[in-house]
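The first chain written gets the first letter, and so on, giving A, B, C, D and E; residue counts start at 1 in each chain.
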Amino acid sequence: MNRILPILTILLAILAFWYAAAIWMNAPWQNTLNGRADLTDVPFLTFAQQTWGQDKPVLPAPHQVFAEIWNATMGLEFTSRRSLALHAWITLSATLLGFVFGTALGVGLAVAIIHNDASDRSLMPWIIASQTIPILAVAPMVVVGLGAVGVTGLVPKALISMYLSFFPVVVGMVKGLRSPERIQLDLMRTYDANPWQVFWKLRWPSALPFLFASMKVGIAISLIGAVVAELSNAAGGGLGVRLLTGSYNGQTVQIWAALFIAAGLAAVLVAIVGMAERAVNAPNGVRA
Amino acid sequence: AADALTLQLKWVTQAQFAGYLVAKEKGFYDEEDIDLTILPGGPNIAPEQVIAGGGADIIVTWMAAGLAARDTGVPLVNIAQPFKRSGLMMICPKENNINTVADFPGHTLGVWFFGNEYPFFAWMNKEGIKTDGSPEGVTVLQQSFDIQPMIQGQADCISVMTYNEYGQALDAGYGPDNLTIFNYTEMGNDLLEDGLYVMEDTLDDPAKVDAYTRFVRASMKGWQYALDNPEEAAQIVVDSDETGAATLEHQLYMVGEVSKLVDANDAALDMTTYDRTVKALLDQQIIKAEPEGAYTTVVTDALK
Amino acid sequence: MSVTTTTSTTGTGAALAVVQAQNLGLTFPTADGDVVALSDVNLTIEKGDFVSFIGPSGCGKTTFLRTIADLEQPTSGTLRINGQTPENARKDRAYGYVFQAPALYPWRTIEKNVALPLEIMGHSQAQQTERIKRTLDLVNLSGFEKKYPWQLSGGMQQRASIARALAFDADLLLMDEPFGALDEIVRDHLNSELLKLWDRTKKTICFVTHSIPEAVYLSTKIVVMSPRPGRVTDVIESNLPRERPLDIRETPEFLAIAARVRDGLRAGHSYEEVV
Amino acid sequence: MSVTTTTSTTGTGAALAVVQAQNLGLTFPTADGDVVALSDVNLTIEKGDFVSFIGPSGCGKTTFLRTIADLEQPTSGTLRINGQTPENARKDRAYGYVFQAPALYPWRTIEKNVALPLEIMGHSQAQQTERIKRTLDLVNLSGFEKKYPWQLSGGMQQRASIARALAFDADLLLMDEPFGALDEIVRDHLNSELLKLWDRTKKTICFVTHSIPEAVYLSTKIVVMSPRPGRVTDVIESNLPRERPLDIRETPEFLAIAARVRDGLRAGHSYEEVV
Amino acid sequence: MIFRHRILATLGTLSALLAIVTPEVVLADGAAAPAGRLLLLPIIGLVLAGGIGLLTRWTLWQPLVSLVLLFGSALMLPGAVAGFAGAIGGPAYWQSLIAFWLLTWNFAERLSAAIRDGRLPETGTGVIIPITFGLTLLILWEAITRGANVPPVLLPAPSAIGTQLANSAPILWADFVQTFIKSVIPGYVIGCLAGLVVAIAVDRSPFLKAGLLPIGNFMSALPIIGIAPIMVMWFGFDWQSKAAVVVAMTFFPMLVNTVAGLNAASSIERDLMRTYAASYWQTLLKLRLPAAGPFIFNALKINSTLALIGAIVAEFFGTPVVGMGFRISTGVGRLAIDLVWAEIAVAAVAGSAFYGVLALIERGVTFWHPSVRGGRA
């Protein structure tokens, strides 16, 4: 209960703020509309209701967004193309695939960097440089390029997710794998442990907290990657496509609904990583 | 077996491409022994790039973009031109006090880029208005693909397509009485829009040319059917849209508007508009030289 | 207090020498100048020796042990372990090391910490279980197998780390103040256990301690060091018998050696002048 | 060995009591069952007392000190520091604590580590400089002001942490094996320095040690503890004079007390049965 | 170590020879054949000399010289093989690229081993390796786009991008100012500060932690692409909306990392502060923030790249007609792909420099952390 209460309080505060902001931001357009309809002296409450009920508001009111989410998920068959649940699933599958690729790649690179001087020196600067390439610029080219060789559907999206999500994993893991104290490494040296043993018995356990912190960032970014990839290719659907088409048609409510589902998805994914973290930590006896 | 062809659209699935969608749905391509895949586009998909990379056989694009691509070394050839007129307009709310072109200087205009900017710059070039943001010129904004910049007051005039964003403006309560409308076709500033383009080297292959011909024939049949049965066409468009964003009402409006631009009986290129397009591009130095072989009539001739 | 005692033990019997240091020196470069941790150290430790190192804090005892263990590289002189380079000796797993700090891995239980070297050296599961039990018994930690290091007191952690070093049977034991955090009773107990073990297995032991009675009680050879720069000032051979009951500590021979160690220690100390 | 000696000191003079524990108990819940670290501890420490705690490892010495310092919460009984709750006493900065491990901050130099409590308690810059110098001199670490903790030997780190606890003048000092990693000479030196300090400033000192001579030499009161569950088995009042030259350790009075402590320790020990 | 070097060297030398001694090359009879064959002889000589030099190691300079020779010949290999009519894209061509890769890798391995052993100084020599790696990538890229005949509108060759980079310097500079100076920097500063402050607030108040952290996670996990059009709607077309996107994008990593970092201080370190009855702020400033340093820098570094991406992506949704994102999106539409890549190159250089500066500061500030201290305690 004392976990729920703070959340509810903050939520209520946000809702109140949101409704107020909706009045404020939608007012100019509502004034134009009322002006056109020769409506004057609209009482404030009515006016507020008007601003909360616009078709294409600048800022949709919360209930509009939630009604849209409800209608577009519960109100429709899952297989319907209008179903946000379907689109969320499409995005989710690309996200997960990309996240798995990205984590594997990130861990693999971190391991190479830790164990090989030449990789450390040559790879690290370029891994960083790779992230400064604006992904939305490259995404369409990746999609087009892969399309040209016949790879379409989930994989191009997952590759873009991977491209974004491997980075926090590399950075975090390099740090984590280097985090053991000197004396802990010395101990391994006195046993003449081979690199493999040092890795599994020392570096990996000490890097786990870093890995999970990175994975939390990584999975959120992976979702962004999937959405970005969908923005470049309207075929196949997904939340990104819903954002895009919503934006063409000025359907702000639709944009917000897709955004909320995406954010919800991200929150759930991050929470799942958090749960995995706890599950892994429990047998390792890490103090709460 | 049927000839497999891939068609890359210029934009998302909507009634702008009703002819192709209807023809596919109605089996007109099957009748012509064509196995057609339709790839929707989007704001970040350049059809010219897709076809150059081998991702498509035929693309739908605007003539200006097609010729510009040809100029940069992607040898595109126009094989048919179902759209005869331009749907592009610039609209300005009356309260901004823009009534003629002469009122433009000092204002902010929203323009779409990504290959859609050529008609605007050709027009401004013709009028002698600078586009560098100087006081005697206009300030250009890269506009999003909706009418928000006008509603938000971020731009004084925005670009719209008669069949799409203009409809949004109408929905939002704008109309001829509170808008100043600059219609590119009516001003005689229109450049050719949706045409069908293929790679030049494929035209050396008679079998390919034959396939293109059958494709265009089926497509025109699709257009005819769409214009004759707007309601059914709109429904087909909505059903073809995998994103679930298309609404029947809006697509119906779009079919109606598109029918004013398309000539379903004649796929051939109209040479006057072609020449004007080429001249405008040359004037602006968007293309460096008079294009050679940028269109072919083999396909449309074969249809007759 | 001269190095003469040292030289007498070098040279001969090199074949049997477990540790042989000649003119060994080690300097740490730090941001504000070099620290000479070892300088001109000459020392021979023969098989079966029990050598205690004693000296003021910061005199280089740990550094010397670390150099033997190939954890630091000498900057001058030569060092041979079993006639090999320290690196090869380490690769032969020639020694077990008890660090000055327990250095237990926090994500492993005590039992698993002790198992660590056994896992690495590829002992069978059965062997592991047996050895863990035996060594934990030895340091009186039975019953704490499943606890994590941070659930143990400081002394218990130190005992766990001793168990870990004893678990695999290295011929050379390097122990850096292993009993520092233990009370006298446990210490006496572990001292005599260690002596028994040493006598039974003929191991060679290098042992850092701050307790003079402990050093004298345990050792066949006591190395007195002095700081800044770290060097060996005296090497005292003990002629006490190998079997040593606890009350040997009251005999005059014992007290004589202890007195010599204390003198050596005091001489090497900078205190008298400072205070 | 009964608790009678203890009760004699409780009750009266409560007004002066610096630490007063009544039926104090503390149990740690762990994954595989509760660990009773302290049970039914009754103890009164008066102002100016020098109390040594001695007992086998794991008997709860550290836990008791931590409870006094308000770092652990007792699960039963009452505890009063200067007549207040431990929490209020802590907020009054009633004590300085020397941990069993040095716990120096790796990003601060030695000097800055010693300055830490002074900064927190808002001493002026000049005062800080003066006190840092004085306490680092006291523990003989002058010249290492600018080094980082990981550049010092174990004993030097421990001395730095003692300096840190002495730098601000708390009336109550809680010291958990402060001299564990130091050699006999330094230890003797610091012992007598500590005694002088105590005599001069009339501080109250709680001191955990494993060395019986050290406990007897320093203390006015020696608390012997025994483990599982941790409890006080004997409280020995020392009648040695406040002024104590080092050679007091050879007097019969001294040896008598030491023998009593050793007996108490051995009795509380589980070893005799185990071995 | 050394064993691996030898294997690499042998493999590299062998595959270089293999590339040259293919029927394709030896029997080639194109116009360029006689001249090309003449060029081959010295290359074979170089490769052999270099290879033998690599396999024997007497002095310091000797392997170095042979490395340079080998690397030089490796550079020339694809070019020489390509010199034969029709050899571009043939098996010999690809073979020579593989050889080139192996030899370069060997070069990097040797060089870093020499630095590690102290045979070569870290400063100066240290940067040669990443530069070599970058050059190798560029050469491979150039060779592959040519060899596989990749259409320039899909992926231009680095040479074309370089030309464009030189020709469009003023445009690129204006875009850089608009995007990097005006949008990224303010957004980054605000976003990171906000993340830090909220993390501290969240950490301070259990109420906020319980209430705000889950909701904050939810809110800030909004895919930024989605908020970009909304930000443009709210803050206008100019840099303000881009900066807003950058703020939103950098906030989450900073929050998560700082919250984790504030828990990084060990319990004994906290106990020490407790014994001083240190106030919350004192504990924060003197213990928890320094201990959180490595985590905060982690976020700062991640954010340095995210910020740039965020700003560029936001420019896709409406801009004045300047800015890196604008140029990239319109460039694709105009098939000016080499300009697009020139812009990307600028972004990559700017981002890497940004990151590099942060990494340097990190080394200075968190010098005490084992991961920075490295092997030397």
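Methods note: a contact is a pair of C-beta atoms (placed from the backbone, for glycine too) under 8 Å apart; a residue touches a chain by one contact, two chains touch by 3 or more.
None of these values were measured; they are calculated from a predicted model.
Counting hops only between chains that touch, subunit C reaches subunit E in a minimum of 2.
The interface carrying the most C-beta pairs in contact is the one between chains A-E. Distance between Cα centroids is largest for the pairing of subunit E with D.
Centres computed as Cα averages put subunit A at a distance of 53 Å from subunit D. For the pair subunit A and subunit E, the distance between C-alpha centroids works out to 23 Å.
The mean-CA centres of subunit A and subunit C are about 55 angstrom from one another, to the nearest whole unit. Each of residues 31, 101, 150-151 in subunit D touches at least two other chains. Looking at subunit E, one finds that residues 154, 229, 233, 267, 316-317, 329, 332, 337, 373, 377 touch two or more other chains. Those residues of subunit A in touch with two or more other chains are numbered 58, 136, 140-141, 144-145, 148, 181-182, 231, 247, 285, 287.
Screening every pair of chains for touch gives A-B, A-C, A-E, B-E, C-D, D-E. Per the touch definition, subunit B reaches subunit E in the complex via residues 43-44, 46, 48-49, 52-54, 65, 68-69, 72-74, 113-117, 133, 139-144, 148-149, 152, 154. Contact residues of subunit B toward subunit A in the complex are 12-13, 39-46, 49-50, 53-55, 144-148, 151-152, 164, 168, 171-173, 178, 241-246, 250.
Within the complex, the subunit A residues that touch subunit E are 2-3, 5-11, 14, 25, 58, 116-118, 120-126, 128-138, 140-141, 144-145, 148, 167-168, 171-172, 175, 178-182, 209, 213, 216-217, 220, 223-224, 227-228, 231, 239-240, 243, 247, 252, 255, 258-259, 262-264, 266-267, 270, 287.
Those residues of subunit E that touch subunit A in the shared complex are 105, 108-109, 111-113, 115-116, 126, 129-130, 132-134, 137, 154-155, 207-208, 210-212, 214-215, 217-219, 221-227, 229-230, 233-234, 252-253, 256-257, 260, 267, 294-295, 298, 301-302, 305-306, 308-309, 312-313, 316-317, 324-325, 328-329, 332, 337, 340, 343-344, 347-352, 354-356, 370-371, 373-375, 377.
Considering their complex, residues 181, 183-184, 186-193, 197, 201-202, 205-206, 284-287 of subunit A touch subunit C.
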